[in-house]
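I have a structure here, written as structure tokens, and I will follow up with some questions on it.
Here the chain labels run A, B, C, D and E in written order, and each chain numbers its own residues starting at 1.
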Amino acid sequence: MLKFDHVTKQFGELAAIDDVTFEVKPGIITAVIGPNGAGKSTLVNMAAGSYGVTSGRILVGDTELQKLPKYRIAHAGLSRTYQNIRLFDGMSVVKNLEVALVPPRVGSLIANTFGLSGRAAAEERRARCHAVLERLGLAAYAERQAGSLAYGQQKLVELARAIVAEPRVLLLDEPAAGLNHGETEQLKQHILALRAPDLAMVLIEHDMKLIMSISDTIVVMNRGRVLAQGTASEIRTNTEVQEAYLGQPGAIKDIEAAARGRRNRVRIREGEGLTWHQP
Amino acid sequence: DILIGTAGPTTNAEALFGTTWQNGMELAVRQANAAGGVQGQKLVLVRDDDGGDPKQGTLIAQKHCDNAGMLAVVANFNSGVTIPSSDIYNRCGMPQVTNASNPKVTKAGYKNLFRPIANDLSQGAAPAEYALTKLGAKKAAIVHDKQAFGQGVAEVFRTNFTKGGGTVTSFSGIAQTDVDFSALLSTIRAEQPDVVYFGGVMPAVGLFVKQARELGIKATFFAADSAFSPDFIAGAGPASEGAVVSFQAPPYDSSPALKKFAADYKAAFGEEPGPYSAYGFVEASIIIEAMKKAPAPLTRAGIVSEIAKSDFDGIVGHVSFTPEGELQKPFLFLYGVKDGKFDLVK
Amino acid sequence: MENPARRASTPPVAATRKLWPGALAMLAVPVLLLIVGPHLPAYPLRILDMILLYAILGLGLNIIVGYAGLLDLGYVAFYAIGAYSWALLASGQFDIHLPFALVLLTGASLAGFAGILLGIPVLRLRGDYLAIVTLGFGEIIRVLMNNLDGVTNGPQGIARIDEAHLFGWTLSTPDDFLYLLVGMLVVVFLFVWRIQASALGTALSAVREDQDAARGCGINTTRVKLVAFAFSAFIGGACGVVFAAMQRFVSPESFTFWESLVIVLVIVVGGLGNPFGALLGATLLILLPELLRAYADYRLLFYGMALVIIILARPRGLIARQFGPSWLMRRLGGGKC
Amino acid sequence: MKVLHGISLEVLPGEVVCIIGPNGAGKTTLLRTISGLNRATRGSIRFKGEEVAGLKPYQMVRRGLGHCPEGRRVFQLSIEENLITGYVPGRGKSFAELRDQVYALFPILGERRHQSAGRLSGGQQQMVAIGRALMGSPELLLLDEPSLGLAPIIIHQIFEIVLKLAESGVSIILVEQNIDLSFEVADFVYALEHGSLQCSGPAAKMAADPRIKDIYLPGLDGQDSH
Amino acid sequence: MGALILQQTINALTVGSIYALIALGYTMVYGVLRLINFAHSELFTAGAFIGLALAGALGVAGHPTGGLLVGFITFVIIGLAGVSVEIVAYRPLRGTSRLAPMLSALGMAVVIQNAVMLIGGRRPLIYPSFLPSGVIDVFGAIITYKQITIFLVAVILMVALELFVNRTNLGVRIRAVAENAETASLVGINPNMAISLIFFIGPGLGAVAGILYSSFYGVATFTMGFVIGMKAFTAAILGGIGSIPGAVLGGFLLGFIETFATAWMPVLTGGLIGTEYRDIFAFSVLVLILLFRPAGLLGEHVSEETIVYKSDF
């Protein structure tokens, strides 16, 4: 569905993306992982039209996205979430979602505003937004100002905004960053529930547990190139990937050992037990 | 009390003109009160700031109209404000004496509107004649500030100068707020005109003349009324020497009446009179004189018909009006700057 | 498997709120104005007219500044275009004497068109760059009016403009204009209210909050801004026509940069993005200098101080963005929405 | 809006304290209150024996506090300039010394020292933010979700740094979602919910408590990612 | 012809220097607070008036060396005034919205202008020149020492400020505050100190510009700030907001556009378009330049992904 075809992105000297080719198929979840600065967000930004493409093509079906202005890319059925949240802070949560449902043509926009059908259309938009909020468990926040929500809730609102227009391609840039285990678990359920035969999903994440448990295929990027592609287990055991990204399996053990060693030496507040401040 | 209203610019770039103009009226009112007032009542001058803004001018006009005790106004200072405000004053029959010099001001034919000063037609014509005949000038460069007044007189000058056989080498507009004329002056210098006419007000006039001399332009400079002020000579310094300025009033030291006025003014306000102070005084006097003659009880209509019949010697000259409300015999004087002082040349 | 994102939508959670009592309460304002207004002496009445005129201008500018978040420092240009339309099409200048209703429409449309013409090249500029270009546009229009002597009569302005007649009714006294302005206010108010509540309003808010994200959501920001500019300019133009009909004289002096600033002040002091804010802001900003007349020389000094104090006291404006019938009902109804 | 309710918490010298809690629990608000960005409505904050409630953040920093805020907040200056902003003179080490330490920790930053930090990838920006906080040679370091958006390999590195800093006597308050590792590294844990303290205790005991496991560590006993 | 072009170039450089001097103050403040400091132009006027009063009190009117002293004292006085204005009228508004402080600044501009009018009077004041006098004749064009001095001052101040902002640690900290005062505070910078410093330097520079300006033209009026301020601000935008060399470049460019438009527009259009169209021409060039360089001549064009501020106002 979404295809990167020999895509290159140059920032001055730096080739942030260097001749990348891969395809994202509908109906499955494609994860993109890689070290910081590998170029994952750049890929998303190019697909969504935030960055121009230095060379190569990005296709959804037959449509060449790199030729379209950004808003047309959205109309072509691609939507995304941002690594650094970009909600419309001063607007209510529903309004945030409604933005994605604004009629694409200015003519219909004006007709909608002053015509008779406007009210019905507005009601319908609202209904769709509420339905999505309901599904993501955000219904209670519908009228809250988006900017006043806690980080995790904002991330969910962004997800809601991205799906309300029923996209064909959904790009999620680190949706779980900043979420705790429980929330990540919820998010995982939401993402799994979104899986549909006509929806191509790209998931960028650093949360390996999530990635490994949810993705159907994984693309590993490094220094602007595709380092490897495969299933979770293939990736997990790929030594190149370990070296560049996951770290040696032993690394965690080392930290744990160092921490234990220190704790044994320092022994701060050893004697205290657990205190429950609330029943 | 009998109220006389006035409105003029007292806070914007023309604030100096407006304020000293109103001070002139104030002086006339004070002197009338000292002499016993009118019909046993005291006169009060209600001063307002119209900011040179037509919109404010109309609001003030309405305010003055609504005030039943207000029997006459001296308003406004600027033509652009007088035109819309005269419409309102006309509706409430308010006697209106204006200082606005644009010829259009009296075109509406309002019977309650009077202009006791020369309009721009004479102000532009006299210098042109003087340049052609007395100075024998052939080429003139004309500059104006793109304001109603400045452009108006400049155009009159142009018409008269060409009609008299002279050539106009250039006719350029500047912005009223400009301070740097070097670019334009460099061009004018290349045209080598005999005279340069500047239609505009202070402080631009002063800067213009000064910068022209610095660039080595030798032509004789002509400027319109607002340059008739010590500020012009001080501002332009030695560069002002030889410049010719037109003004509707004789110099403050030219007659005993004006000398007395200048002294009284200084005593009352602690500063030298401004260029339009004598006019403010005359304009207020016209109203006061009319009030004195009008039958009791005083009404606006009564005062209007008395002003129309005005026939007396004001401190700047004889006052009597045509049916259009213009001065019967508009007076205009040309002054040359000589040894740092204004000297009547005509 | 069915795409769950396309599941049939459930009915909206929020039931249609009972807004009309609140709306009715607000309708009281124009009705009151119409009843009380004509009994006022002419001077306050004329001030009231000015307040209404600036309120309408504020409503118009609010579309750009308050809703779309674009600072327009040259709004006076549209106002000037409207004013000169009436001055040129209904005066001795060219001896054309068109009816008021027609010119109202023409002038407003011309202004709207100018808005589009300006908008097309400049709307991709951001923030202060846009502000300075609009400022430049305002100055360009004013200088043009001042220079095209053959058309606009230059700095001399156009005097003795026709008296306006609307459907057989002569507009000349301040109370004639009161009726006209109240009528216009209601229409324009409903117009902007509708914009605010519609998809267009949502799109504009999104542009205000974050243009890039808005584009990402499929909003053609340039077009939407253009529409906002056009509407806003249209209203400004209509106000200009009325202003010229009221003054029966126009000259470039009435359309300076300061005038643009005053209109921006009206909406910022009143409350950005709220139509009631424009009303309150206009009341304050027109009334204040008149009230301060008594202080003569100190008038503007106090005016400046008052501005600073008001802004310091209510930096987000006197009226909150959210204020409206539903907000009012919520407050009156004890917090339950 | 009242976000925190009567929280009492203590950090000892050289201790690593971890604060956990669901989104919106008030963890960030708590850190912001400590560093003076938010003012405590009531109560007292003592730092090195001195009452500091009401001090401005920069005053806190000059007394030895470092705060690496949520969401990175790097300046759109070059990397090196970002480090300059974080340097607090008169706290012992020279600028060059501290800067080289940071570059040693994150070599990529050294390589790009003159590049604008605004153009770094998310994770690289996080490194800048941490480095900048270290430039003040803090005695108490507040880290608000430092591992956010970092590759696993870098997260390991961050936790190693935390350990190293603690070894050298710096006290650390760590707000983390990555609970598995945090519980290993921390000495003491505070659990926050809805703005109030729910539970506190030594990390080891916390990790062992079934109730805590239920709430905060679902699936910890499941598969490890490696 | 050659002499004329040379003369006009000199004229342009002089006018440009004056715009640049004022633009520097705008840019300093703007760069830090993203605030259009409408009061700047009025502090510029106030500076000229205070300078005049000081010169009278010290009896040094017209002496270049006395001028240095007067300039220094005026810098400090107006600098402190600027700091107070910031504390009173802008600081309480920090973090509210962008328009509020801007309009508060507008209010302050009205206050200062009227205060100057009430204290200094409505009369244009004749200004003694503190600049050295004398002329050089270069190929038929006249250059005055005054022009040279003004040009040099503009360039020197630009270089000094640029070095200060980019090469000193204090400058870096100020830029950090400019971007985000809260975060700056978190890394140990006292934002208020940094902002006060800016409001000392910016208006102080404005005051010096006021003295130079009035010395150059020989007159000071209480209304002189508004228009020149607007032009200087335009110059600052043209050069790229917050960019110090940009402000100077913008100032010079505006000077050139105005001068050459005045000089040659009537000639080129055969008198069809006269000098009165100068401002239109200037603004049109501004629009054109911004269309091709939407962030000004030297402004850095940040990509949307890295933009700090989500909304414009």
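The rule is short, and it goes like this: a contact is a pair of C-beta atoms (placed from the backbone, for glycine too) under 8 Å apart; a residue touches a chain by one contact, two chains touch by 3 or more.
Computed from a prediction, not measured in an experiment: that's the story for all the values here.
Identification of common neighbours of chain A and chain E yields C, D.
The greatest centre-to-centre gap from chain C, using C-alpha centroids, is found for D. Two chain pairs, B-E and A-D, are compared here, and A-D has more C-beta pairs in contact (counted per touch definition above). Farthest chain from chain E, judged by C-alpha centroids: A. Note on chain placement: the centre of chain A and the centre of chain D lie 25 Å apart, centres being C-alpha means.
Distance between chain C and chain D, defined via averaged C-alpha coordinates, is recorded as 50 Å.
Centre to centre, using the average C-alpha position, chain B and chain C are separated by 38 Å.
Averaged C-alpha coordinates put the centre of chain D at 43 Å from the centre of chain E. Multi-chain contact residues of chain D, defined as those touching 2 or more other chains: 119. Touching two or more other chains at once are residues 10-11, 146, 173 of chain B.
Each of residues 146-147, 208-210, 212-213, 297, 300 in chain C touches at least two other chains.
Looking at the complex, you find that chain C touches chain A at residues 1-7, 9-14, 194-195, 197-203, 205-206, 208-210, 212-221, 223-224, 226-227, 321, 337. By the touch criterion stated above, chain E contacts chain C in their complex at residues 30, 34, 36, 88-89, 92-93, 96-97, 99-100, 103-104, 106-115, 118, 230, 233-234, 237, 241, 274, 276-277, 279-280, 283-284, 286-287, 290-291, 294-296, 304-305, 307, 309-313. Residues of chain A that touch chain C in their complex: 48-50, 69-71, 74-75, 79-80, 82, 86-91, 95, 98-104, 106, 109-110, 112-114, 118, 121-128, 130-132, 134-135, 139, 142-143, 161, 163-167, 193-199. Interface residues of chain D facing chain E in the complex, by the touch rule stated above, are 35, 37, 56-58, 61-62, 67, 69, 73, 75-77, 81-82, 84-88, 116, 118-119, 132-133, 135-136.
The touching residues of chain D, when paired with chain A in their complex, are 12, 14-15, 20-24, 28, 70-71, 108, 119-124, 126-127, 145, 148-156, 159-160, 163, 166-167, 177, 179, 181, 184-185, 187-188, 193, 196-206, 209, 212, 215-220, 223-226.
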